[in-house]
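Shared between the two complexes below is chain A, which has chain B as its partner in the first and chain C in the second.
Up next is the complex of A and B:
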């Protein structure tokens, strides 16, 4: 008797279609304004491939000794900035997160401060800081630390806010002080999340420290940029390959550590 | 005899205007095992938390062993809290830590920040914690992580942690509400026996009248933030149970309780 489809909703949603049309139109309009040409994108493919295969490949293995030092610099910068950033962020996050904040005023200020640091990319921080500190690793480190603090303060705050408040209540009930409440009730619950975010931040920092090297932050970015300017693309290719290997290795490592601690 | 705890005219109005307690007074004497009964939202949890100041009462006085707990400073409050053990409905253990670590948390109230932060529990504390775990039958699980335990075991760790405080008063907020009936009985047995053996006074909030009748030396019934009954278990009549549990939507629950009571007696 009932051969019609049973509708899944009371009324067909008009909004879904309006949404699809809006997104579609916006894409077309913005594409037109920014002179995005699909055909052009396909047309340049042979040229790009030609460039990659004749100029970039094969990577010049003999360039490795030239950039080995700067590659290590990049890795060191990433590690130091991540650890420093994590330490600062942990303090800020404890002051900022709802269960642990000493005063609501800290919450608002730290949130705003972290968001300011976060929303200016490390690349921009480097450019801002170069006039003050000059070109070199110091600037790169500063920029990375600033970016890390911005990111990790937010991640850490959210991790602390996700813990079970019952543990904190129990620590207060046994007569624990504020510090013992942090040590006994808060940290054991959120340390895995904090470590996991720190490792993720290390990955981000290795990538970012490559980029900021190009604008004067020290490390392998500078080597890549200067070889490209000298048209020694095979040298640049080798350096880019080396960065990719390092990034993959760190990702692999952090994935394993994270799986083990969670 | 002087009461160990004296609660006088305690009121609690929450920020959103809810009257949780509208003036509650009672005295607890040494060795009493008091059950607080009442339907959800009647103010049982608020009352228990006012006693150790996890919630600040809006008005009224609470005197524990001669000290007015709402007037003391932070340091003295820690000293009062460490003498009052607390057991929670959701156990409130730290899941990622081991059983023995959770039990030793009961000692934090006696420790300096430095000793606490670096887990410098004394030899005596450690062995005491072990002996307490023996008493609640968990000596084989001491190095298990708390999240690997069953509900009943978790609550026994909760009892052990409170006991490690060496308390003179035990507050239990719905200690068996998250457990099945058989486990509930076992946990109540442990709680009752330990409080008797160690001469710890206890205030236990329950919503199962049968358990209240079985264990309590005294029952306090709360409704809408007011005490509507305070007396011996045998004085708790059907009509009083009717009064304690809100009419109407709780009709079914109420009949269930009368039935339980009939079985229990």
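Up next is the complex of A and C:
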């Protein structure tokens, strides 16, 4: 056994070294392009910590009424975009996934469409849509829905394609209709995965909707950006803290629901 | 069909749970929608406007600034790669301290709590804080991305370590192996795949992020997009959007080809991001 083991190990360590060298070179090249200075990074640590702890903390509790409305808007936007996105994605995914697609042509088109939507970040969608629709919640919501549809269509399609096809075949064999097949064969198998993906998307959307306001999409992002620009860091800190609490709460909720259904 | 002969596909408990979830979602949805008080000023006119802008972006794309745009794109990619490499390397070592099965309870809890707080603040807000302190440029962008990625990967990696079978660790300890030896031979090999997948997943995310960092002044292609859109230069913006799309799309295709099944890690663990 020893004899068989040793040569393999040598080969493996060669690969490891090649990997390390490639990663090292990439670090140097990308560091050069992005003007990243390691020494500078270490040098700024005390300053940054000092900046965060003295300028940002303690957060100004009196700022809460100023952003309370936009914080709620942020949460509402995340909920609405996730549910709307999930509904649209479910329809698209059923049309696109191999076991349920009515025609292969749908598959290619929807895949390409979803890929286009998700590979442009939601924040970029906001910037693109603002000139036509103006600044505000409507644009932010549209951008969030676009991103959600792009992500969830892909996830949903993959979940539907992973199901066991035996049951569906049996239903087809006894003459079950397309709807019956969906209701009795496809959905019961993949609903836990779909709900789980939707909750994951809600976590993503709550983050995205907090920053979407920075480019004119409504919500708390605008408050954070403008207070930082006005050097009212303690006000910004309170808003950031509120965002963190909301994010942690949503994560906690999502985790609990997921554990129950899986 | 005889209804009495029906076999329920899901259990009664699950049926109740799903019904509650469904009704709760609907109520929450319409309440939120009502509270948002959306306005559709302009209505169809805006849609037509959007279509005409889209036409200008796509059909009359202006490639004359390709040099600047591609340089900015390179900067974005570099920011994403660099932030991913640094955060993955550091997170790999720290995750051993954060995993409850191989570390002290106090240390593990402390690491996890700090990571959770850092993760709860979105990447772009971290970047904004760094920009406020360090000024404009790619440097605060790298730091902002690094900060969030690091916390994210510490959590992801330590979760993978915690899934390592207790037997592996115990067997090595029984032979008298030191802590470092146990980690290197008992814990590291089974988590390698997960570490690579998580890093790949995070890289995809970081690349998307690096293309929008420019909106808050942290360098990269986002700056080009917001500059061109600000002066309604849709012809040039179209090209920038195309490059942003291609950056993210090619990485997605590459990972798909390499079979780095990054999505799988997300559903497997019940909590993430």
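Rule of thumb we're sticking to: the second predicted complex is superposed on the first by the 244 of 262 C-alpha atoms of A that agree within 3 Å, B and C clash if a C-alpha of one lies under 4 Å from a C-alpha of the other, contacts with A are read in each partner's own complex, and residues count from 1 in each chain.
To be clear about the criterion, contacts are C-beta pairs under 8 Å (C-beta built on N, C-alpha and C of every residue); 3 or more make two chains touch, one makes a residue touch a chain.
Fair warning: this is a prediction, and the values are worked out from it, not measured in the lab.
By the touch criterion defined above, A:67 reaches neither chain B nor chain C. Comparing chain B with chain C, more residues of chain A are touched by C. Of the two partner chains placed by superposition, A:222 touches none, neither chain B nor chain C. By the touch criterion stated above, A:172 is placed in contact with chain B alone, chain C being left untouched.
Shared-chain residue A:41: touches chain C; no touch with chain B.
Of the two partner chains placed by superposition, chain B and chain C are both touched by A:188.
Contacts of A:31 after superposition: chain C is touched, whereas chain B is not reached.
By the document's definition of touching, of the two partners only chain B reaches A:180; chain C does not.
On chain A, the surface touched by chain B in one complex and the surface touched by chain C in the other have residues 184, 188, 191 in common. By the touch criterion stated above, chain A contacts chain B in their complex at residues 164, 166-167, 169-177, 179-180, 183-185, 188-189, 191-192.
Taken together, the chain B residues at the contact with chain A in this complex read 52, 54, 77-82, 84, 86, 88, 90-97, 105-111, 113, 116-117, 161-162, 165. Residues 23, 26-27, 29-31, 33-37, 40-41, 44, 47-48, 51-52, 56, 72-73, 75-77, 79-80, 83, 115-116, 119-121, 123-124, 127-134, 136-138, 141, 154-155, 158, 184, 188, 191, 193, 195-197, 200, 203-204, 207-208, 210-211, 214-215, 224-225, 228, 233, 240, 243-245, 247-248, 251, 254-255, 257-262 of chain A are the ones that touch chain C when the two sit in their complex. Taken together, the chain C residues at the contact with chain A in this complex read 9-10, 14, 17-18, 21, 25, 28-29, 32-33, 35-36, 38-42, 46-47, 49-50, 53, 57, 74-75, 77-79, 81-82, 85-86, 116-117, 120-122, 124-125, 128-130, 132-134, 137-139, 141-143, 208-209, 211-212, 215-216, 219, 222, 225-226, 229, 232, 234, 237, 241, 244-245, 248-249, 252, 263, 266-267, 270-273.
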